[in-house]
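Before I ask anything, let me first share the structure, which is written out below as structure tokens.
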């Protein structure tokens, strides 16, 4: 989609470099004569939103360490489906704020996963886009949260690195299977690895002990009145729970990181989280899990965002994303009850499976809005691409952006 | 297969309309000069058996409400693999006879599922053939049976409608995956949705409580002598258990509905049910589950019928269907023991998985009898098509009937 | 790969017949003028290693009973991925040595599975290569080991034969699905059938009782010091555990059978077994399961061998096979802990799934070493084929050997 965001961009040399044309496709028409017509500060901020494809061009001629940092930060932001190094930096800051040990674990996970991908010889484009980092990050964060050995238990870095490396292998194993139906690998590797890790090291393991999980549907000993304020807080905590972080400040910072990447995505995230809380209320899950955002929020958040991410924004796909969030939160509670009977958490199996099934939908109403995986960018970008495409009524065959 | 049932049909204007040529393919040769040679009453009955494709032509120019009723009844009859509105009406009558509340739930399930399909914009041919109804019906019937809140608990309509709608989404999600290997979606959506529902609402749920399931292999406290009469009755009750109905009268009426659609299918159903009872005896399941037809009957019934449904009838495919029934009943008992440990029923996972695997069989002995899914009609029709095809030794390339 | 092993072979009429050219491709150039240049005894031994394709030519004109014996022995050796009748004979001898009843059960399993394949009309080439025997053998061996009814309980032959027959059906059902991604069916049928059998017949079944399984991670009542000698012995016992045999002598004989087929494969097997023991130590599994070779050995053994089997030998694929073994042993422990909670063994699910995923790997580093399934032979043969191919820099299009 070369240069289709060019109008209104440009201005300073820096922002030109960050426009959305990819290096090999950029033909110079992006930074045009409109420079200087608008306030620089606002434009610089806008250029930092979206996929920041231009940054790749910028760092290509810079030292390898800088490139690695960009890949690393993209990997971090991929967890919330963003592909924006600044979002990644904000998220990392939020994690370090919530718990330095967790922040370190997350960073190690991304690095271990990415370096494995480089060593095994994965496709370079996938590595630079951060696709081989987010599963590793989630694995290491969850290992840290479930570990009952306390913070700064350095031995934990061992399973963390191995688990993150295994994610890379799983990622490239699952992609040929899922590619058949144009499906993303998503967080399947994370879910598989973390469940296996928790199964290998049972709660009473002498080296890597961990807390067992409780089903969210378990009866409450003394059910109290519902606290609306805590319920509302739980909606926002649900955003942080994606990174296994349960304090409000960092959760809001992570929401800010989403907002920076795409306001539409942040909106869907909050809607999904609210849908999850409603669903949780309707089947009477434990209040504690609603307040902490642990149940009925992470999954729906993801489902709603994914639902919006792979479809062009329209009222139909918007309703569809919310329906996906509801469906996902029920499945999430079901999985939590099922896996809880053997002391396992539900992870994000529900969101992953529901979204995978939803992407397979063949109904005429939705199939027209579906964006091929290779062309998915930020929702705002997808929306404007579609408008342009509708206007011109022709799709440029060269415009596939990976 | 245009007009290949034309000979011997026709007679009155009504029966001409109900011959098997589809409207857009019918070229008028169906109702021929042989009219009036045979007693009208018998022929009218025969015209009501099989797929009744002609009825679609008849209702196409009638009011929408009438069309909807035909689609609805086809959806009901699809549960037993029939595609015949009259069978559907008989089944609905049997359900209302057994329990009006269950009958109502079933009807609501079919409607919710069908209307969702229309709203989401599913393929029209699938809707008119009733393919988007049977999963929803099974879900709502099972929700009603497992509910421990008693009959006429109106809140149950909420999960019933949501579950039936989810079936439609799952149906159109799973079909592109299964289509790769020319497999039917079958009752996968029903099985997924009902298991998730029971997991979400654990037995002690305050809004939607349900009975937990017991493994069929659980030891009997006081094992009594086997009662042969009850065992035989269990074989026929197994037919009713497909619709979660455990009284003999309605079960026989449902068997009659099958007989109306296809005598071959009814025969295979009873054989399968008997095979299931034998298999249950061989591994000593609880007598109660044999008597009620709950274990070792539903699954095998389905397996045997499916085994016969997708293969042209011959001694080889007949034996194969019976082998499938035996295999299926063992798998059914296994699943019941497995899922029973966490209080879940085996649903029809066994039949669905076994038949799916059986349809994948690549042995030369069976592959020649396999009918492509798009061309499957009633067993009698398939048989005569094949005979004609063998006689003419050429397959009309235009004859694909969806 | 016609005649590419011809140099150095031949000599006596018998050895000519056992060269690697297949009958319909052999053009006489294999047994050449180099005969008599090397000691006969050594060459005859070498001719008995590898795939012994020439033997098929030799028996083709002999009585059917002899052919059946060759197919049967190939089926036995297929369990350890060998395709060599002499290895099969050695393994059968080892099993009979360890327990005549188990040896008999294994033989019955192979025969039941093979005869079903012949009856159902499976592809002849698959039957003669023994592909329809090894799953049946594993099923019957495991049924025997888990049965708590003691040896020579003749009724056990009934489920043994049915289970082995079911393996054949599953094999030909799963192959079209897995073929899409060029994956082997491996021991999926065995794993499915044995888990279903154990689920159908719960431990307290009156006809077919069996021992329940314990999770390997279960806490030890009185943990003693680790015994290094027993640990080393466990590595070799792990080889025997593939055939559910836990005495040292037969295990070494089975290792010898592997060595006869391919020294590279035997080496990988021992390395895999050692990797499994290391992995088991790292997460503190029960010492008993390490000593007996039951945990952390069977799976890794298989994984390492498979890892080596489907890739041309190189330092890269060697490291990869060892990594697979480690990954597999962790997954094996996870599955054992998971399935142990409902009294089921982990079987070889871990090895099967891990190897399947590993074969899907799309990394550039490994994909070049991957051998298409239809062309896989013994590792030594694959290695020399690749060297020849590299030398000639062209792949003979006719050289596909099934």
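Note that the chains are named A, B and C in the order they appear, and that numbering of residues resets to 1 at the start of each chain.
FYI, a residue touches a chain if its C-beta (ideal position, glycine included) is under 8 Å from a C-beta of that chain, and two chains touch if they have at least 3 such contacts.
All values derive from a computational prediction rather than experimental measurement.
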item: Where chain B and chain C overlap in contact partners, by chain label; value: A
item: Shared interface numbering between chain B and chain A [over half = same, under half = different]; value: different
item: Chain centre separation in whole Å, for chain B relative to chain A (CA means); value: 42
item: In chain C, residues with contacts to at least two other chains; value: 180
item: Interface residues, chain C side, partner chain B - complex; value: 120-123, 166, 169-170, 172-177, 180, 195-197, 199-202, 204-208, 342
item: Chain B-facing residues of chain A, complex; value: 180-181, 215, 217, 219, 282-284, 327, 330-331, 333-335, 337-338, 341, 357-358, 360-366
